[in-house]
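Common to both upcoming complexes is chain A, partnered first by chain B, then by chain C.
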Partner chain A sequence: MALIFQSEEMCLVQLFFQSESGYCCISELGELGLVQFKDLNPGTTAFQRKFIKEVRRCEEMERILFALLFFLPDPLQSVIEKVDKDLKEINSSHEALKRNLTELLEMKYLLQMIQDFFEETPIDLPDRLTFSSHSLTPSSLSSLCRFVAGVIKQERFPAFERVLWRVCRGNFFLRHSEIQARFEDPVATVEILKKEVFIIFLQGEQFKGKIGKICEGFGLTASHSKALNHCFICDHVILVFFSPKVLNQTNEHRHNVLTSAAVNIQNWKTKVKKMKAIYHTLNLCSIDITQKLVIAEIWCPVSDLSEIHSALIKGSEKSGSSLHPVLHRIESQQTPPTFNRTTSFTSSFQTIIDSYGVGDYQEINPAPFTIITFPFLFAVMFGDCGHGLIMTLFATWMILQEGHFKRLKNELSDTLFSGRYILLLMGLFSVYTGLIYNDCFSKSLSIFASAWNVRAMFQPTGPWTNHTVHSSVTLQLDPVSPGVFSGSPYPFGIDPIWNLSSNKLTFLNSYKMKMSVIFGVVHMLFGIMLSLGNYIHFREPRNILLQFVPEVTFMLALFGYLVFLIIFKWCAVPSSASRRAPSILLHFINMMMFSYPESSDSFLYGSQKRVQIFLVVTALLMVPWMLLVKPLIILKEQKKEQRSTKELVSWQKKRNSESIQHLEVNMGDVFVHQAIHTIEYCLGCVSNTASYLRLWALSLAHAELSEVLWKMVPHVALSARAYLGSLMLTVIFAIFAILTVTILLIMEGLSAFLHALRLHCKFAGVPVTLFAEFSPEMSQ
Partner chain B sequence: MVTLLCCGPKMAACGIVLSIWGVIMLVLLGIFFNVHSAVLFEDVPFTENDFQDKNPPQEIYRLYEKVSYNCFIAAAIYALLGGFSFCQVRLNKRKEYMVR
Partner chain C sequence: MAYSGLTVPIIVMSVFWGVVGGVVPWFIPKGPNRGVINTMLVTCAVCCYLFWLIAILSQLNPLFGPQLKNETVWYLYYHWS
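Our next item is the complex of A and B:
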């Protein structure tokens, strides 16, 4: 598995395959997802590419699919177009049928009304009867006059009547009644209209013409007496009876077409996307003169060459061509893209590192180390075994339910799900640091016996009496008194007695601050060691001497010495000397200012003054070494090179050179670059060491939040003297659980995650091309 | 008949998780109170009078045990709540199958 320590070795390969098999081969390569195509036609615009027509076709299909989706509540081109056409036909026939049905229904009511009208006895004259001279009975009316009958919207009827009256000057007999059934307006299907049936009796041909024109003006179809007879009524009744059935069947057919399309539509979308991607890729390849051969250049990992070859053979067999594609590896001076092969476990860590900047080709990849350092630094800031346990259980549940989560497309749960391995490790490490801090929902666990003994403070062995206990507000245990401190400290973690003491923070702050500084210095030293690995791999021994050695010396002389002081003080200063214990902070400041006191009893060890002066002077000497030596050597080499022009030397790192010609090195640039690097490093040392103090700050915040939550919530219920204490406890525990999850887990967890991320940014490299593999499915 | 299904699937799942956590944590708290753990001293509802005891730690121990009984009863209530949530989950699953 040494592979993940560095990015993969890549090679440039030329592929030759026949034009017919081009599509299939590239689709096979796309399925593999292991190659990156180089653009061999960089000068051409999008319109000049060879396969532009096919790309356009794919886009047309995508458009149709998108329109289809609009109708659904959610091969290829001919199938899709056929469905489109079908749908259009069905829609238009649906409209026509509806219109027909409306007309026929109107006719039916009309005929019914006329029927009723003619069957009435002559004596019953309706109220609204308008006629000119004699009183005419309805039966005689039918024999003498003609009539016009039709259907009109109820709201337009008064206007119609008024117009008729004015035109015919009252020489007509009008009868109307409302249709009981409601009609749907075919244009805007929401409205339900009320309609009326009317029948007009008139005398004379001219009136018929006039009334016909009026009816046209109102947009109604009116029928004349000649057209209405009994057979007509029967025909109409039959038609009206069957029309709804036809309409229903049309609806059903449309529904069937849509559902069958819905089943396939996702598939079609995917296929069309893949096709488009393949044609785009084909546009990147170059076609040779004979139009028979397609040439492509790809970057691929060396270890996958055989897989790619077999995929190409499969592709060419699928397309039925007889010739197998040819793979030809070529040398190139270009820097290959960086490719880090990841599994589902390592991919989340690799993403975190990549977000800062991708390393150069074949540089050491910090991702495998991040798998441990990132969760660890998170846990130092989060340290609570109860919360850590909840986090671990949640992450385990997500990992076990992978199948269920993969189907969810929600963006929030996607982000959470992709970090499930990180969460698991963070949870496990948090349980560990929680045990070390001895903090479980802000209470300590006494797994082992505490090393402190309060009874020994009382009279025979210690200074306390009964009176002392009753008269003091606080009492302090003195570890120097015999028996109070058992001599062997608590085996694992912080002693649980600190949880009950009121000066817990004084002790813990000092401990956590020193611990943060130690972790910071160790982490930074580790980063420098990785750069040593890079120098060794790229065979640059000069850089080891000119950069690595002064960097390490500077760091160790100052901050390594600080770590030494911390650990030395922990080990060497006994509790009996606690009143005169030297302060490390003051000693460090004095060391940098070269100010030493006259008396020598405040030193930690004997020759402290001499050692410190030596270390500070060494560190100060490293600065000019880093600043000047390398540029001066480059200057000297350039002068030598100018004298002998045959010698070919490139001082820039080989992997950045685009061509083999030697580069003119601008001396000013080199000096400035080196100065920037030196300043950045030295100041960075100081500021980064200080920034590691956030480990202390966040763990303090978490512990305090946790304690406050306990005091304000469960404490209330537990210390209730009332008899319903258990019911109160039930309700309050629910509140405690919800607040723990939202505040302490989610809010604090995100905060600690962010800060751990910030502490890892020193592994960022210069942004370089990342390997962009051709894989159409992954773009979904 | 009044429908027995009153929670949705998500609420029932939350109910189960909360109940399991409640049962485990309250039982453990109850045990720790029962063995008179010193770390939990501040949560015991003692007053000034309890320190005037004739028989020194017995009164405090009695208070400890009272709190531990409270915890156990609360744990039992959560166990019932867990059972109820579990029934809701099963009813929800059955409803899902029937609709399909």
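Our next item is the complex of A and C:
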């Protein structure tokens, strides 16, 4: 079932089900997540769709839920609407109560102030206001003149005073004091206002009118003397005491409603989303004339037909209809969408491949090979078994903590978590390549005995004496001297002696560059073989002959020969011939330029000149083969068709003339297409082979960074002679660990990941439609 | 451990990766994932064997030797016999 070498075989199926069971059937199909619905009403706009009302309802519910969420720290439509209505009522009554409370509080302070004022010792009034010189008690004052009292915002008080002074020309007595309590502004609850209580004494009715107008202008509620008496004070005080209680209770009620909604809100959100998706899908189906039958067309994998059928039956039973839905598979000329079934392990690799472009329907899917080649190429660039071990352990931990990670909804951890299997494989391969490169935190492991023997360089077998060792700082071992090189290389990986030497890079660079070229050529050949598989599957033997054969020949003749030269030189050129060892690079360049030196001394093998000329000529012949043969054959075929159709009746001729024109246009296209393909392939061969050298470049960078980190950090502590060194080592180890993780693991890891991704470009296909399965939960 | 010869490591590694890539796939139980697992085994065997082979072939006939500091030479003289 899960043969993921090719995309799944898909079929077009027509579904017939009753309108009543439509909702349930589609919800069951949505749970399965295996079908893609075709739009049967492509001509209608969104507003003309049948289920647009229901979609609108769902959107309204979503809006309410969103508003609800705003108030929260985080059955459907009637429950949600009831909650919404309750909340609105509570909010408005809350506002009203607050406003009342503010007014009453203001009144309370006002009354208090007036009471204080009237109980005070008699005051001295300015002579203008009294007709006698004796002082007046406030009570007698009240009988003489009127007063107006009120509450005003403190910031507006100076302006108020000024206006009063101008209007009444100073014929008034104003007393004011600040209210100690702070008020909340009912409109914008953040502002906290300070308010002042004032009382104005004045004579005459005219002034009262004028002051009343001024107070209105400032937006105050002012009370006049007649309305104030002690009973009122008591009443107001009582009301003021009760209001906070009522406010508290309102708050509590609101809190309860919100908490009960909070419990269900996530569920409701999911349900509403599912509903909306189902109604969108219903919009894609067509309703027949009797309004009783819903017709849908879906793409689905052939192997899942029985599951879909049982889901539909379940759906129709749930909605209580007696008729089961009908499944009818139909033939179609359209190319089905591409669907690659994946497990949780393979899905991350499939995503990587899909990011380059989805393959055609039933084309070979390169993903199963990528599962190994991608981490392997990463590991070739990363190549350190210590760092690889850390990566493996981290990936294993993530895999074991799957449950914990799935609950975390952080974007960064999600990305990291979805790649946990890739990380595991990358880590495992890095351990292997690290062992072969013999690099563990920039140190070499000496598991087997080294193949190089220093003792043999000394007398009597070699040229060195004690004196040579004393006199020169560096000495080079000579593989020609007997016994120095044991003749059999280190059995697993690079010899550990190279880590101790100062010309390590000379050896390693040559080795890694050649290794990169070999892997590049092998990887590219593998890609071409996959295309052969495609040609065989789609039964295009012509393409095999016209495209595959010249491509492979071109590649093998040039780059395959290069690989052969590399391996031959490794095997056949002995150490004794090192002085006149041929340079592969020079030989390859000379081969391409057909320039051969006079002396046959520097050839690798006897008939090298003849073989090389033959190979280059063959490769050059492949170019016109790829370029011209296929279009010419297509041209010949079409000319034959043209000739046979010219013998038909005139009305047919008319029709064919259109198609002949069509064919001529196609011929130009075919030639151009073939030319592009040939150039792309030939140049691509060269440039891609070169681009594999990044395997060498990155592994060199990693090794050097690792070594520098070692030299700069732990080496300092390890070579300290004092006892303090052990303390230094603890601190320095922490620094070493942090830098290893951040620079070498994270930075180098990301860099190598990127480059491995780039090297997998050659498996990209033409982007086609990917199977977009209907599954409302996926959008969560 | 000291050993001699080129043949032993070649035989060991070839047999090991040959078993991994050629014999183990026959024993994977039939199931939906058999194809994937077999592909993985074969690809892994080919890649890893090739990588090891390149490493050993490149050291078969060294054209130059390692250049060591004289302190290192003294150390190796006494400790690597």
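Assume the second predicted complex is superposed on the first by the 600 of 780 C-alpha atoms of A that agree within 3 Å, B and C clash if a C-alpha of one lies under 4 Å from a C-alpha of the other, contacts with A are read in each partner's own complex, and residues count from 1 in each chain.
In this text, a residue touches a chain if its C-beta (ideal position, glycine included) is under 8 Å from a C-beta of that chain, and two chains touch if they have at least 3 such contacts.
These figures come from a predicted structure and were not determined experimentally.
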Just chain B (first), just chain C (second), both, or neither: which does A:489 touch?
-> second
Applying the touch criterion given at the start, work out whether A:5 contacts chain B, chain C, both or neither, answering first, second, both or neither.
-> second
A:725 contacts which: chain B (first), chain C (second), both, neither?
-> first
Using the touch definition from the top, say if A:432 reaches chain B (first), chain C (second), both or neither.
-> second
In the superposed arrangement, which partner chain does A:500 touch: chain B (first), chain C (second), both, or neither?
-> both
Given the touch rule stated above, what does A:286 touch, chain B (first), chain C (second), both, or neither?
-> neither
Report the partner of chain A that touches more of its residues: chain B or chain C.
-> C
Go through the superposed model and pick first if A:734 touches only chain B, second if only chain C, both, or neither.
-> first
What residues on chain A does chain C touch that chain B touches too?
-> 500
Once bound in the complex, which stretches of chain A touch chain B?
-> 390, 443-446, 496, 499-500, 714-715, 717-721, 725-727, 729-730, 733-734, 737
The chain B residues in contact with chain A across the complex are 18, 21-22, 25-26, 37-45, 67, 69-71, 73-74, 77-78
Along chain A, where are the residues that touch chain C in the complex?
-> 1-5, 343, 346, 368-369, 371-373, 376, 380, 432-433, 436, 448-455, 457-458, 469-470, 472-479, 484-495, 497-498, 500-504, 506-507, 510-511, 514-515, 518-519, 522, 567, 570-575, 578, 581
Within the complex, chain A is touched by chain C residues 1-6, 8-9, 13, 32-33, 35-36, 39-40, 43-44, 47-48, 50-52, 54-70, 72-74, 76-77, 80-81
